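Next come the structures, one after another.
What follows is a pair of complexes built around chain A, which joins chain B in one and chain C in the other.
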Partner chain A sequence: MLAPFLKLGYIDDLGMIFTSIVAGLVFGYILVSTGMGNSRKISAVFYGKDWGVMKVMFSAVVTTMILTYSAFYLGLLDINLIQLTKLNLGAQIYGGLIFGTGMVIGGYCPGTAIAAGTTRKIDALIFILGFMAGLWLFAINYTAISGFFMTEDLGKVTLSGVFNLSYGTMSMLVVLTALGTFLLLNKTEGKLYKKTI
Partner chain B sequence: MIEAQKHEKPYINPYLGGMGLGMVLFFTFFVAGKGLGASGALTRMFAFTLNLISPSYVAGQEYLYKYVSSSNHVLYHWLTFMFVGVVVGSLVAGFRQRRMKVEMLKGPGTTNKRRIITAFVGGILVAFGARLAGGCTSGLALTGAATLGAAGWVFFLSVFAAGLAVAYLIRREWL
Partner chain C sequence: MSKLKNIKLNHALVALSLFLGGILMITGIASGNRAAVPMNLKYDVSQTVSFSDLNILRTKFKNRLKIVEFTSNKVCLDTVANLKFQKCYSLSELENVKWVRKSFSSVKKPVVIFAQVEKDRDYAASVLNYYGYNVQVLTEAASTSDIIKQIKNPKKEYIEELRYSKSRKTRL
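So, the complex of A and B:
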């Protein structure tokens, strides 16, 4: 196997830092270019008014998946060495529900708030202040939270493991689902809420 | 569709932008075996700042202390370097596409005061949710989804479900 370079020791910390900054540059550039630095555009996804966020996310996922599994198939990349967040149903379901609530109220998620704040959007800077307050609230309640939600660690679970399918088949299914969703999204844009109140 | 404002250049095609983002994500997988992320950097900067102000306070907070007590400096991390990149990349795009106007973005039917409240409260909830779940839209949902991680998909679906439901309740703020 050739990659990931860092995990296999082919590059050092300096290479890691360089990679991270370059990736961040393009990440930020794309966020601003696609309108992900605009809270109106982000919140609109939850009203079915503008599926832009979903289009960006899904096409990113599909692109990464195709490239990653091609590299894996060609024997270049060891996918087992790619970081994977451990599954903890309570944490990710409750965390996701709280996060989604905050995202539609605040109009941003962390990455998009950084991009929007950099382009001098005042609401994004306030959002980041709120984010800091939220971190503090989480930290002071950590003992109670960790006992309640974070006990059931299921380890590094993948969808292919859950459905007992090979990586290739599972990613194919995900790509097909994403393509189907694309078609559906294009047809339904602006139809969820008939008119502005 | 929400278009870019008149003084700005139009937004680029979302599929094209997504493909670009996907290539970057693949690049980080291939080179570093890590993905994109944003909330981690904010958390580290928060722990760092608080530790500057009062190390004894941070030492008493189990969660924050984990960050400042590891062998590497709290800011010496994959995601904080990425943060620097994101800021510079956003600046370049912001200037090139004339999106640097100082403004408060909000729904047409709401006031600045209400928007200040929604932005702040939203930030609190997003931080809480991200720390609980172990990541945010980029680190957990996008990166996780692309590696077929169950955690990422569960998180993504929960975010979207809550977003759709709460959207209706607060429609005055955005529609």
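So, the complex of A and C:
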């Protein structure tokens, strides 16, 4: 049986909702258990104090990439059916800046805020209210403000497509980049941060 | 054993990542960036349709179905431009998954296949079935013109059958 199951009709919408709930629970549990439900630990990455967030995110990227491409080469997944967001540089840059600013100020991203909210952290619950209000304001003003940040639609862009490499070769390069980054992060961890108080 | 005990977990994970990355790289180069495991092309050709079934399908799906001729020759049987949902493709195109997904955008839309050669028709049916499409094989077709004739001017009994199935639906 070929994946993705929803697109090929092997599971219906109800099955997809059930799968999403199970995956969400596992994801939330892992986030909290790796310390990603702690705003101090998350914001510490911006001060060069603790690289935990970068290590978790890079590990997740490498794991997903290896599993996805292994499934593709084993004939279990049709990679053409995977949902890819179209590249819009303006939206990505402005969105990234707003997202990053919110992360430095609040100490959470939406996912980690919800994970932390389940552990009854007041700051996380306030953060959730904040980003929901932000989402609502953005949605109702979208038509008026989209011209400011939306640039040319560059279509579905992947690293292997840009460099004209096979998925396997690109995977190896990303693995090497991740390992090199981890080595660098381990060497610099705690050294960049200077206590001011 | 003593050596194994000294290996730290993070070292083992580094080695595993490099090993899997290496395997993927070799597979990617060797397979030409295609799936290395061949498709399991088993298709039960009992999912066949006759002209009358085809007309029922057309009504049921409000013409949102595809009737496709596959050929290993470079030339299709006849002109197929008369019907917008009818196409003729080369059998070799099926090797390109990107092309398949582009040409058959919805897996829910039935694909009715016919070909000049039975072997070609069954191969096309098995490949599209593998990719998750709702495949039906048209066994009665002798030529494209035959299909066009049948679809444009269905035999009287087919029309009666359609009327009957429509009225039965309304009554239900």
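Some notes on this structure:
Simple rule for what comes next: the second predicted complex is superposed on the first by the 192 of 197 C-alpha atoms of A that agree within 3 Å, B and C clash if a C-alpha of one lies under 4 Å from a C-alpha of the other, contacts with A are read in each partner's own complex, and residues count from 1 in each chain.
The rule is short, and it goes like this: contacts are C-beta pairs under 8 Å (C-beta built on N, C-alpha and C of every residue); 3 or more make two chains touch, one makes a residue touch a chain.
In this text, all values refer to a predicted model and were calculated from it rather than measured experimentally.
Because the two structures share chain A, they can be overlaid on it, and in that overlay chain B and chain C fit beside each other without clashing. Applying the stated contact rule after C-alpha superposition, one finds that A:G147 touches neither chain B nor chain C.
When the shared chain is aligned, chain B and chain C each come close enough to touch A:S171.
Of the two partner chains placed around the shared chain by superposition, chain C is the only one that A:Y73 touches, whereas chain B remains out of contact.
By the touch criterion stated above, A:Y94 is placed in contact with chain B alone, chain C being left untouched. Of the two partner chains placed by the overlay, only chain B lies in contact with A:F46; chain C stays clear of it. In the superposition on chain A, A:I21 contacts chain B only, with no contact to chain C. Once the two complexes are laid over each other on the shared chain, residue contacts for A:L6 go to chain B alone; chain C is not touched.
Overlay on chain A (Cα): least separation between chain B and chain C is 8 Å. Chain A residues in contact with chain B (one complex) as well as with chain C (other complex) are 7, 62, 81, 167, 171, 174. Interface of chain B with chain A (complex): residues 1-2, 4, 11-12, 14-15, 17-39, 41-43, 46, 50, 61-64, 78-79, 81-94, 97, 99-109, 115-116, 118-164, 166-167, 170-175. Across the complex, chain C meets chain A through its residues 14, 17-18, 20-29, 31-33, 35-40, 97-98, 101, 107-108, 130-132. Residues of chain A that touch chain C in their complex: 2, 7-10, 62, 66, 69-70, 72-75, 78, 80-81, 166-169, 171-172, 174-176, 178-179.
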